[in-house]
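Shared between the two complexes below is subunit A, which has subunit B as its partner in the first and subunit C in the second.
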Partner chain A sequence: MNLDFSWLADPYYQYWLLRGLGTTILMSVLGLVLMMVIGIAGALIIHLRVPVLATWTTLFVEMFRNTPPLVQLFFLYFMLSEMGLTLTDPATGQRIPIFSGFTCAVLSLGLYNGALAIEIIRSGLLAVPSQTVEGARSLGYSRVQTFRYIELPIGLRLSMPAMTNNVVSLIKTSNQAALVAVADIMYTATQIMLENFRNLEVMIFVWVVYVALSSLAVVAMRYIDRLIRIPGYGAVA
Partner chain B sequence: MTTTSTTKPLIEMRDVRKSFGTYDVLNGIALDVREGGVVCIIGPSGSGKSTILRCINGLIPVNSGTIRVGDFAVEAMKTDRELIALRHQVAMVFQQYNLFPHRTVMQNLTMAPIQVLKENPADVRERALKLLAKVRLTGKEDAYPSQLSGGQQQRVAIARALAMQPRVILFDEVTAALDPEMVSEVLNVIRDLAGEGMTCVLVTHEMRFAQEVADEVFFTDRGVIVERGPPKQLFQSPNDPRLKDFLDKVL
Partner chain C sequence: MVTAVTRVNAPKSRRKWQLASLVSLACAIGATAIPAKADQLEKVKERGKLVVGIKTDYPPFGYLGADGQVKGFEIDIAKFVAKELLGSADAIELVPVVASNRIELLNAGRIDAIFATLGTNPDRAKIIDFTHEYYQMEGMVLLTSKDSAITAWEEVKGKKLCGIQGNLYNRTLTEKFGAETVLFAGTAEMFKAFQDNRCEGIAFDGPILNMKVAEDGWKDKYKIAVGAFAFNPIAGGVRKGEVAFLEAVNKAITDAEAKGVLVASEKTFNMGASEYVAKRAEEAKAKAN
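Up next is the complex of A and B:
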């Protein structure tokens, strides 16, 4: 086998790859923020059994975690443009979809991994000892205050290991954005392959990039875990 | 000492009934505690002692009967606001301490007064320092609960209850989970409180302690108060055969 990575020295490809990497990272970060917002809000709604909303949230979780994320992305992408949600570009006069491929990809990542995050955070909340909750109630904490000051801070800590897997999964899943023409690292790599036919080398490169990104995420999560660890507090019950 | 006091008792339970599903736990409890009084509740496991305490501070709703604490009709309370006002007056200390594991000792004391009672943080901290001195834990402000011994954690829990400046403290078998050598350090704190006139309701298996600090002792069995009276009378000349039986076993 004769591997040739000399194309990596080409400034033109370098620029492309960097742009692609930047897009992948931005998409992942936005997806993560959305995921956490959905995860915490959904866990709150189900945990406090908010009437009506809790049923809808459970339905949402079941719908999104039991279908392939790619189906969800295509569904979002085609459904939203089908629904005619477009706006007119003032410069060209063309009608363009409100939800770009990028927006759809972020939304789909946030929704899919957010549905998983709801379940992860909920199991963390359920692991909070009932005595701790009773202690808060006896001090006059309302149910919402108990959630905010006691259950969520402890429950999030207990859900860190599972959440790390979810974060890595989100970063990996982000590459499907290439299929709705978002120029992420996967997309740019495919374009480069079409030009230089160095398929194996380009895929090795992409592989390394994802390993690096995922490892970085794991290290970051471990760091956060160490920062928020409760001194002397044992493992998950 | 007797309970024939002219003033209205601080806590008054009348014919309180409570069931979990079809299981009747309280079958008509009558109990009263005067302001500054120390009352002990004794009885076999499962007789409903913890349930009585939980009803007094509204942690669980009752099926029927009345519970009055100060001016509050506990059995009629529904909203969080009413319950917060009640819990400002009635604090509780638990067998398992029930501290907040993710917060330091100092924060455990100050959280509820600041977050629930909306008091001034500086005032609360000052008060908390005094309370830590009182339970002999000065210097442990920044420790986390799991870094402390059981006896120390329970004293933090007592200080946390006191930080709410309650009118009465409910103690639910607060020494039952402790190693024997730590029991006395916790009992000493409670003895001090009782001596200072804090109203206390204690569920306890420490019969000697009950005899020493209580004004009145209530013996429960199967959800009713079987016998009540001053500790001397109850422990030395029990009337009811069930109480005699119980005392034979525990003394």
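Up next is the complex of A and C:
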């Protein structure tokens, strides 16, 4: 088996790959931010049993956790405009879909992994010892203050290992954006494969890129985990 | 006591398993690297079935009819080849392929031949063998809305154009004409994205767009704004080095041409009688006599 990586020297391909890598990273970072916002807000609502909203959040979790992320992406990309969610393009005066392919990809990542994040953070909150919570309550902390100063800080720390999984899963899921023509690393790799037929080499390259990105995320999460650890809480890594 | 013994032995046996799996993995990779030397023609005859990669979303070449049957110009060719090779037009398995996976499927041995609007070009000829060319395909044309101002390929610079991954002309479109391509895997997604105004036009093979623009719901809204910038012959594809198989398939295609199968097929699928197919039929007939 002789592997030929000479295509990596083509400046046109280098430009494609770098741009693709940039898109993948940007998409993942924005997806992660959205995921954390949804995760914390959702966990807060369910944990504090906010009337009406808690029911809606549970519905949200069930809906987005129990459907494939690709279906969600296709729904956002192809179906929303069907349902009339369009805006007028100031340049051409045409009705165009409200979300671009990139926005749809970020939204689907944030919503799908956000739904999982709600449950992960909630499990962390439930693992906070009841004595600690009761201690805070007896010292005069209100329900919201207890959440803000006691349950959330400890709960987030306890949910770090599961959250690391979720972060890695988000980065890997981002490659489905290629299916709605977002020029991420997978999309550009497909283009290159179709031109030079070096399928094995290009796939190895893509593989290495995702391993590197995911490993980087894992290392970063471990670092954060160590930085914020409270002695006596959580497993020793 | 027993548990202690197994615990001591466990790492060693695990290592052995890892080694074994590594070796088998290496063998598997090695095996795929060495092309099978068994004669393809013999294999097909032994199997009694020809496995062909065809399009199912590409009228008039290969598409799913209203009756649920796959039909089209290239399906007719494939069936004729099966009949010549194996004696029956039904001794065939049709495998739906798309532009981006057909060559991979062929070289991985999942299909025996490609009859899926495969344009000939030198890059592809390096990794597969082409059969006789059987159709002259109108290259990329541009479909836009009726009120679009685009009249030439030079005017698509910076514009978003929908297309299909793996098309021969995508690179020309970006490199030469400076268009921004929005590429999908299948035609359904491409048409939907265009109708949603995600791109200003569709740049894709002539035959399929010419047919689309004549459809109800499309004909009063859209037009073919710019004609083809190239013509490209299409041919079947087989794995490299299968001389006997290639020869048999080529003979079947020539026979199909001589017997007027392709001319009839053009008529059945409303493709218009092309000079190219008629000429090839004449030549094939002359050769047969």
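Here, the second predicted complex is superposed on the first by the 227 of 237 C-alpha atoms of A that agree within 3 Å, B and C clash if a C-alpha of one lies under 4 Å from a C-alpha of the other, contacts with A are read in each partner's own complex, and residues count from 1 in each chain.
We take it that contacts are C-beta pairs under 8 Å (C-beta built on N, C-alpha and C of every residue); 3 or more make two chains touch, one makes a residue touch a chain.
All figures in this text were calculated on a predicted structure; none of them were measured in a lab.
Pick one for A:P153: touches subunit B only (first), subunit C only (second), both, or neither.
first
Quick check for you: in the superposed arrangement, does A:Y141 touch first (subunit B), second (subunit C), both or neither?
In the superposed model, A:Y141 contacts subunit B only, not subunit C.
Please indicate which partner A:P11 is in contact with in the superposed arrangement: first for subunit B, second for subunit C, both, or neither.
It touches nothing on subunit B or subunit C.
Which partner does A:A181 reach: the first (subunit B), the second (subunit C), both, or neither?
A:A181 sits against subunit C, while subunit B stays out of touch.
Who does A:L194 touch here: subunit B (first), subunit C (second), both, or neither?
A:L194 contacts subunit C only, not subunit B.
Once the structures are superposed on A, label A:P51 by its partner contacts, choosing first (subunit B), second (subunit C), both or neither.
In the superposition, A:P51 touches no partner, neither subunit B nor subunit C.
Can A:R95 be said to touch subunit B (first), subunit C (second), both, or neither?
In the superposition, A:R95 contacts subunit C only.
So which bits of subunit A does subunit B touch that subunit C touches too?
none
Over in the complex, which subunit B residues touch subunit A? Could you list them?
My answer: residues 57, 59, 80, 83-84, 87-88, 91-92, 94, 96-102, 111-112, 115-117, 144, 146-147, 157, 160, 164.
Looking at the complex, which residues from subunit C come into contact with subunit A?
29-30, 33, 99-100, 103-104, 123-124, 126-127, 162, 165-166, 170-171, 175, 182-185, 189, 192-193, 196-198, 200
Inside the complex, what are the residues of subunit A that reach subunit B?
131-132, 134-143, 145, 149-150, 153-154, 157, 230-234
For a test of understanding, state which residues of subunit A touch subunit C in their complex under the given definition.
1, 12, 77-78, 81, 86, 89, 92, 94-97, 101, 179-181, 187, 190-191, 194-197, 199
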